[in-house]
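Chain lettering (A, B, C and D) follows the sequence in which the chains are written, and residue indices restart at 1 in each chain.
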Amino acid sequence: MPARISRRRVRVEFGDCDPAQIAYYPNLIAWIDHSTHHLFESVGFPVRDLQASRGIQVPVVGLNVRFHSPATWGDEIDVDSHIVRWGSKSFDVQHRITNVTTGDAVAEATETRVCVKLDPNHPKKLVSQVVPDDMRLAFARGDAFTTVI
Amino acid sequence: MPARISRRRVRVEFGDCDPAQIAYYPNLIAWIDHSTHHLFESVGFPVRDLQASRGIQVPVVGLNVRFHSPATWGDEIDVDSHIVRWGSKSFDVQHRITNVTTGDAVAEATETRVCVKLDPNHPKKLVSQVVPDDMRLAFARGDAFTTVI
Amino acid sequence: MPARISRRRVRVEFGDCDPAQIAYYPNLIAWIDHSTHHLFESVGFPVRDLQASRGIQVPVVGLNVRFHSPATWGDEIDVDSHIVRWGSKSFDVQHRITNVTTGDAVAEATETRVCVKLDPNHPKKLVSQVVPDDMRLAFARGDAFTTVI
Amino acid sequence: MPARISRRRVRVEFGDCDPAQIAYYPNLIAWIDHSTHHLFESVGFPVRDLQASRGIQVPVVGLNVRFHSPATWGDEIDVDSHIVRWGSKSFDVQHRITNVTTGDAVAEATETRVCVKLDPNHPKKLVSQVVPDDMRLAFARGDAFTTVI
């Protein structure tokens, strides 16, 4: 059963590139983060609401990226993202970035994120949370099709 | 009576520069913003505490910049910042950026900032506030010398 | 005769916002810069080609911004940009940013840019250039309509 | 034989943080990249000169990060970087980020970088290069002590 994929197109701008004329690689990481947010929205679970209504945040604890080819200003890239693993308190989001202009693979990345909440007794301390059932279900309902944002 | 000046040194990094090999100009604006925060800290009024204890924020409502010469990666620049105007509900911060490596003037900027607070009856609406007396006094006490952070 | 306007829509992302929950203001400046690049493309004069084929760059020498209201993550904003002044060696680009989600004006900005070229005898030194006729004409041809990118 | 470590201190600014009040994680990646540049400078092989004099670039092809705890605005962090592997055409840079303010480990990262050069017959195509002997030697000479930049 294929997982729900969220696709987000980004135009690489002059200001996104470095003196080597290519997209500065930390910007690719920002686009990956944006895409995770889009993925959550696409199933009706915006991270913003998760924080506002339940105090749950989903910070990144692990990141693994392979860079295959650069993208340069004027190029358009697609970031395709989906959940590849659900743990009890964590999950993995996989991202594939393709250069639409050249057809080349740009990068593949996996983010590991955890569900956390502020400890009511220790402000500034975070405690891990079980992945909410309705969140996991929202993704299950969404599968087998692709959303383009 | 000279105003208190806060000086902050920034090293221009490869990743701060654009394909024209110079510091991408929106990054200079970020360094200006950082320097205003440092200026407030240097007189014992961190913006962070102002928000936490009194709910007062000091957003930028006006920005005027002249760019004189570029800075490039490897260069060190100094951002010198001080208050040039106190209004009843607003104030102006002036910034001079100098390229320490070349001796050239990089830019001059003036930010106009206002004191605001969230409207208790309309979350998301901001209402302007009178500049707190002790904030203004903190800057008065601090004048005639320079802090290097 | 109305000038050619280039419109570019930006979605404000979580990562574009600061701890005050609003778009970090230097990011608005980056979006303004991106929009100038889009404006040039919309009349068939990509800044990239200008640099590659004629060695002409169009750096910003002046920037004036009024911020009217904040944008926050999840909001969509439109950046409308057009040339408001042609000088012999410089020109002004005006930008209006509107929050499409709320209908509010976000900011108005004017960039002053100059045409420059590397001095062949002094690498690293830039010399100002007359605005190329065909560049100015490209904008004249394009007027009276709006391009949405 | 311990490898040469370059240490770089970064103050986390308001503008480096996201709506969750912590350093936006792609900014940590930018600081890692900056630190690799500093490491190269500390042994007398600035990446800038490598590019200018030999046309060799050292782009990132792999990135692996574990995030242990967040850093917030006002915190100071140290990025300690050193080479942990030399391959024939690639090398790994390891980074440890520590929160100086709290004493906590912030993140550990490994970048894999390759030596590449533009293909003279195919502009825009990169060909991998053997790691230059003098580059590797520069790091060998530098070992057993720490440079603080």
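Everything below uses one rule, namely that contacts are C-beta pairs under 8 Å (C-beta built on N, C-alpha and C of every residue); 3 or more make two chains touch, one makes a residue touch a chain.
No experiment lies behind these values; they were computed from the predicted model shown.
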Chain pair showing more contacts of the two, A-B and A-C: A-C
Homomeric contact subunit A-subunit D: same or different residue positions, threshold half: same
Distance-maximising chain from subunit B - centres being C-alpha averages: A
For subunit A paired with subunit B, centre-to-centre distance based on mean C-alpha positions, whole Å: 33
Rounded Å distance, subunit A centre to subunit D centre (Cα mean): 24
Rounded Å distance between subunit A and subunit C, as computed from the means of their C-alpha atoms: 29
In subunit C, residues with contacts to at least two other chains: 14-15, 24, 26, 30, 33, 73
Contact set on subunit A toward subunit C in their complex: 13-15, 30, 33-34, 37, 46-48, 73-74
Partner subunit C, residues of subunit B touching it in the complex: 20, 22, 24-27, 29-30, 33, 51, 57, 59-67, 70
Residues of subunit A that touch subunit B when the two form their complex: 14-15, 17-19, 21, 24, 26, 73
